[in-house]
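Order as written gives the chain letters A, B, C and D; numbering starts at 1 within each chain.
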Amino acid sequence: MSTPLLELKNISKSYSSVRVLNNINFSVVPGEVRALVGENGAGKSTTVKIIAGVEQPDSGGEIYYNGELIHKMTVKHSLELGVSVIYQDLSLFPNLSVAENIVKGSEKKFFVGLNTYKKQASAVLESLGVDIDTSLLLSELSIGKQQLVAIARAMYSEAKLIIMDEPTSTLSSTEVELLFDVIARLKESGVCIIYISHKLDEIFTVADSITVLRDGEHIETGAIDTFDQEKLIKLMVGRELRFVPFHGTDIGGSGTTFSVNNFTLEPYFRNISFDVREREVFGITGLVGAGRSELAQSIFGIRKASSGEIFLGGEKISISHTNDAIQAGVCYLPEDRRTQGLLMGQTVTRNTTSANLRGVSNKASLISGQKEKKVVEEYIERLAIKLPSIESHIERLSGGNQQKVLISRWLNAGPRVLIVDEPTTGVDVGTKQEIHRLLRELANNGVFIVLISSDLLEVLAVSDRVLVMRNGNAADLVETKSASQESIMEKSLLG
Amino acid sequence: MKKVISVILAMLLLVMSFAACTKPDDGKTTTPPVTEAPQVTEPAGESKGTIAVVSYVTSAPYFAFGKSVAIKAGEDRGYDVIWTGTPEVDTPGLIDIIDNLIEQGVDAICLASGDTSSVVPSTKKAMERGIKVVSFDLDIEAEGRDAYAGLMDLAELGIPQVESLVASIGEEGEYAILTGVLTNEFLNSRIDYVTEYAEEHYPGLKLVTIEGQNEDPDEAYAAAQNILTAYPEVKAIMSNVSTGVGPISRAIEDAGKIGEVYACGQSSPNLAKPGMASGACVSAILWDTAKWQEWAVTIAANLIEGVDMPVGKLDIAGFPDAERIEGNTFYFYETFYFTPENINDFDF
Amino acid sequence: MTKLIKYKKREMILVLVLLLASFIIYSISPQFVSSVNIINVFNNNALLGIMSLGMMMVIVTGNIDVSVGASFAVCNMVVAAYANNTGGKNPFVAVLIGMLVGAALGAVNGIFVTLLRIPAIVVTLGTMNIFRGILYFITEGRWIEGLTGPFLGFANRRVLNIPFAVYMWIAVIVITYILLYRTRLGRNVLASGGNKEAARRAGIEPNASTLTAFIYLGILTGLAASLSASKLGIAQPSNGLGYEMTLIAAAVIGGTLFSGGTASIFGTFLGMLLLGIIDNGLVLARVPLYWQDLVTGLIIILAVASSAFQSFSKVRSRRKTIKIEGDPACQD
Amino acid sequence: MPRLNKKIENLGLILLFVVLFIFFAFSSKHFASLTNIMSLFAQMVELGFLTLGMAVSMLSGGMDLSIGALGSLGTVLLAVFIGQKGWPLLPAILLVFLLMLLAGLLNGFLVAYLKIQSMLATLGTQSLFTGIGLVISKGITVRVPEESMRIFGRHLVFGVIPFQILLFIPVVIAVGIYISRSISGRQIYLVGCNEEAARFTGINVKRTLMKVYLLSAAMAFFAALVFSSRISSGRADVLNSKVLETVTAAVFGGVSTLGGVGTIGGAVLGVAIITIVSNGLDMMNVSQFLQQVIVGSLLLITLALRNLKGKTSPFVALRNKVCRRIQ
């Protein structure tokens, strides 16, 4: 066994009394592809940040690189040692050119040769088999292409250890194939890769060994063949848990529907029509860029669809601004929680009541503190939100609790239609279950639910019918009882 | 709790910094060789009262030069002198300072205001409290002051400027005026007198334009250059403020128009020296701004002491041709005509 | 060519506005296009032009400096005092001293912003009063005049009929271009302005970029102040009043965004030129004195409104996610 | 916990005000006289009205630099209508109020509909409003006869209390309730915090920003009303020098320049502290130049201390960094 490239010895980490990592020990050797798996909140991101030097472990933790003890792993130090991280949010520079993004962080000279960068960047992209014009601004690329730029950046820095955090979340399957060849090539040249992903099938195709983390503790590390999917999920979740299907019963009860007729907004989507029956959760899925969020935003009034009507319970409603939508009872939980949903720097109370201020104000239309307090406490209890106090700032809460606050914001607005866009990204499994149960409960109480999600397992388990979108067109409408994950994926790719 | 402690901490720091600055400053940081006159002077004997000298822009050299002279004049008469005013043009600030002086119960306020009427309500309040109000530099409305310590009649003040223009370019030709802040009434009224007097006495002189600069030498330089290009035949640029001639002369020198175009009008002697040396300026006028403040303090002291100052010729030490005109107006008629020959025996 | 048009749309609109304004002025007074006047316009805006590039660097890091007028006055007086005492013998040393003092004042701002983590506009609001107050207190409003020797007027010495100050402006434009586009330091400033968290993860210390930007603005202010003292032979403590607003206007009209990350040297140059042409044009076009402020205001609004139309399509959301380091919320 | 936090912060400011009051009362015998206290509060009114307007525009994430120039324009218009044209008080005041709201609409249009950065748009309109004032008044201070506008700035109710304080207090309460309790007031906070998220939660951002700049124009009107009566005249640039002072006062009172954080009560306390400092220092005859230095350092000290809560103090962080480098 060659000396381990990186060894973590009893690494712990806690943030103001919340213990996030509890005495992690594992090591990786050059030329190995190690999958790091675990649910959200299991401590994967923190481990990555400690290896990359962005965070420091609590005292007592030791990091060995090529066998020697690293006293203080700072960001600069880890970059010099050849650690390169592809973060989930890509952490690139939208205002710089592609060439610069690839080179950033590992330039040697003080003076910068933009054209030498261009040449080097194009060379790396060629070796990746990707052709992107390196003089373009990064913000002009699609998210998928940006992901490839992040990968090229890691390769350019001749990293010995590359950590990939959810690298395929925005890639098409052809691009995923490409990534796997690159990983294979890197492996042969002795580069060690730590691969983090939720997609178990990917892990079994690319990883040599797996380390499982759960609730901040190291559970088990072993070669790939000592695992199968069943055992892995059991280790990850620690209890028998499969997506409990929440399919509805006697759908279409009194026949009233929420229907959308040939909605069009070039270049995002064109003549999309669907209707949601009573007590039904209607799913919409498809790859990134299929136009799902843009469709939802035009229904909700953020964007102006060029044509199409909306009918709710039979009568036509016209929405030109988000306020009209909310008055008519149409609510939308946005996809990008950080910039479109959360009101950072404001209290949990203000985030909860922001959509229905009239509801918490007294006769003189002045907001009354007690009413707000009552409303917030009601939802904290109903959705079991864990938070220090209702007056604390929203950014102090964990991802799952933040999402629950946003959901309670829309419940407080008395929705007749609730469109949720990727409701469970970055949310721990427990909260995911609760959100699914809540959606089904709302549907049963007469709220028309539209679930937009690219997580096929979730779409299959929760929605009754699924509209598959591809490049802005309605590819197919599928009954979830009879469909399987493979058939839906196939439709969203080939159409 | 930590919050409240931090606020108290802030106050302690604050108190210490006040204490440091109210004591006559000992061992301050490097003080250049400027005569360090502390604000409030305590003459040996019992002081006869306090005279405040307030000006509307204390950072302008026009007023700053007069500070030590005004304080000394007050001391000689046995008064404490408070020399203050707003650093930059700030009318609300100026009025607050006047109100605070009233509350302090000063005996007299000598005031140079930016315009004739904005301070009148405050000065009337002072007069009701028995405080003597003497306006200087720009006279304010008569009901708002006990006396105007002036140099000469405003109309006549325009005359030396025109004389300086005629001395530079003769009785024909185009000339431009470069003035200061546009809302300063002392400047605006003087421009009117200049143009009236010029039309009356020298019809050959033609005013082509009036341009503004906010007492910023760079802006004055640029304005002068623009005038030179916009009006190729202009013969002279008359400065309506004491800081204008310096930059105007530089502009004329750099445009290579020495001898063709002349800087003239108001200027403090030191600023005119380079221009006179290079020939860009052959005549400038001004008055002794420091002496003007001394004149105001003298009048104020006389008013406090009830010295009788009949209409007509007055004999006041240091002011040979002082005179009182009806309407509580006092002039001391001392203007200077600077020429390349006599410029060097002035230094302010 | 298409990339240039698409990418530099804002600057194109600015050029159009400039040409329009020039044409109007030209039609009223033909001397506007005379070589003398054009050189005058450049010469009179060279000092502010030099400083506007420094202000652009500060705004790129997502900060603002309103104490630049006060720093200008301090450097102006210090340089003039030195030149006065040494008879203006060595202008080079005088300019160096000006730049050092400017750098020191810039460093003070930079340290306060990075260390105390207070918004830059508030820090510089405080230092503006402190610098100006101390300068007034020490100089008590006295000015320094009658500078002599080689120091006097070297800023106006003309080579090929172009004043030295204009060459300095061009030199600073080139230096800023190299600094921003050709050195790692400049790229890091742009990077940390664009995505602060990503910059930290790439080993770039965002605070270092902020400090660099403030010191660079300080150096340029010192340079401009020394040129002013040499050009006029006078220095007074109430110099530089209101400079900060003009500099911010020039940089932002040119396309530098307050949210940081985007900057345009050519745009800032055009912004300054536009403001310069307005001042010059008002005199040449014989606009009566009292109408000048009104015309200036209208032109600024028109220039800004037209470039706002151009970026109407992009919904520019101000990403103001307040990130608290090492907080459980950032775990997901 | 911004509300609780803001309560402590405002308490701290009140405490600071009281301590300053006591300090000045001891250090100068004229300070504590009834007339000076009344004149102290009267002096707060103009800066107070302008700071209310500035605080509201800062809460919405912008900064209305044209508020001073608009106020000056207001004094010119009042002086022209009442002084030169001799209109009776009420119609003149109403007309000027409407004209200034029109100016506020222009600011709102530039920022909300054309999406121009607030600081830059109001920089343009500042020079525009001053220009309009100059054209109307030809640069001369327009006189108003002594008696006609006496009530707003120079009238002592019961011979003691300046009328403008009785005008200022209700306006502060009204704006305070509007901002902290009313629906559109809450929407101003949310827009200032994150414009995009506010749009997603159903707030009409354009209409909210229009309200902000109308309110700011209304505050400029009140300042113009009081000040033109106090100087019984109007001048095109008389209040322009106050703009940066209002930002200092608002920031001192806890209003953040990033938007979404701060209270009206805090901003008014900021004004009170800045006014008492300048009044008190005047009483102690401290040079105006030094007063500028003191206000500047007071701002930095308070902001630095306010930032220290919770986080390790920067000086400690610096020390650690240095030690790490030495090892």
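Note that in this section a contact is a pair of C-beta atoms (placed from the backbone, for glycine too) under 8 Å apart; a residue touches a chain by one contact, two chains touch by 3 or more.
Keep in mind the model is a prediction, meaning the values are calculated, not measured.
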- Message: Measuring between Cα centroids, what's the chain most distant from chain A?
- Response: B
- Task: State the pair with the higher C-beta contact count; candidates are C-D and A-D.
- Result: C-D
- Item | Euclidean distance of C-alpha centroids - chain A vs chain B, Å | 70
- Go ahead and note the Å separation of the Cα centroids belonging to chain C and chain D. 28
- From the C-alpha centre of chain A to that of chain D, how far is it in Å? 44
- Note on the structure: Chain centres from averaged Cα atoms put chain B and chain D apart, in whole Å, by 31
- Find every residue in chain C that makes contact with two or more other chains and list them. 132-133, 136, 140, 289-290, 292, 317, 320
- Junction residues of chain D - those touching two or more other chains: 134, 139, 193-194, 196, 287, 289-290, 292, 294, 297
- Query: When you check chain B against every other chain, which residues touch at least two of them?
  - Reply: 58, 87-88, 182
- All pairs of touching chains? A-C, A-D, B-C, B-D, C-D
- Within the complex, which stretch of chain C touches chain A? 3, 7, 181-187, 190-191, 193-195, 197-204, 261-262, 317, 319-324, 326-329, 331-332
- Note on the structure: Touching chain C in the complex, chain D uses residues 61, 65, 110, 114-117, 119-121, 123-132, 134-135, 138-139, 193-196, 244, 247-248, 251, 256-259, 287, 289-297, 299-300, 303-304, 307, 311, 314-315, 318
- Complex contacts: residues of chain C adjacent to chain D: 66, 112, 115-119, 121-123, 125-130, 132-134, 136-137, 140, 245, 248-249, 252-253, 257-258, 289-298, 300-301, 304-305, 308-309, 311-312, 315-318, 320
- Once bound in the complex, which stretches of chain A touch chain C? 15-16, 18, 20, 40-41, 43, 45-46, 52, 54-55, 75-76, 79, 85, 87, 91-96, 100, 104-105, 107, 109-114, 135, 137, 338-339, 342, 344-345, 395-400, 402, 426-428
- Message: For the complex, give me every residue of chain D touching chain B.
- Response: 5, 8-9, 11-13, 15-16, 19-20, 23, 27-28, 30-31, 33, 35-36, 39, 42-43, 46-47, 134, 137, 139-141, 143, 146, 153-154, 227, 230-233, 235-239, 241-242, 278-279, 281-290, 292, 294, 297-298, 301-302, 305-306, 308-309
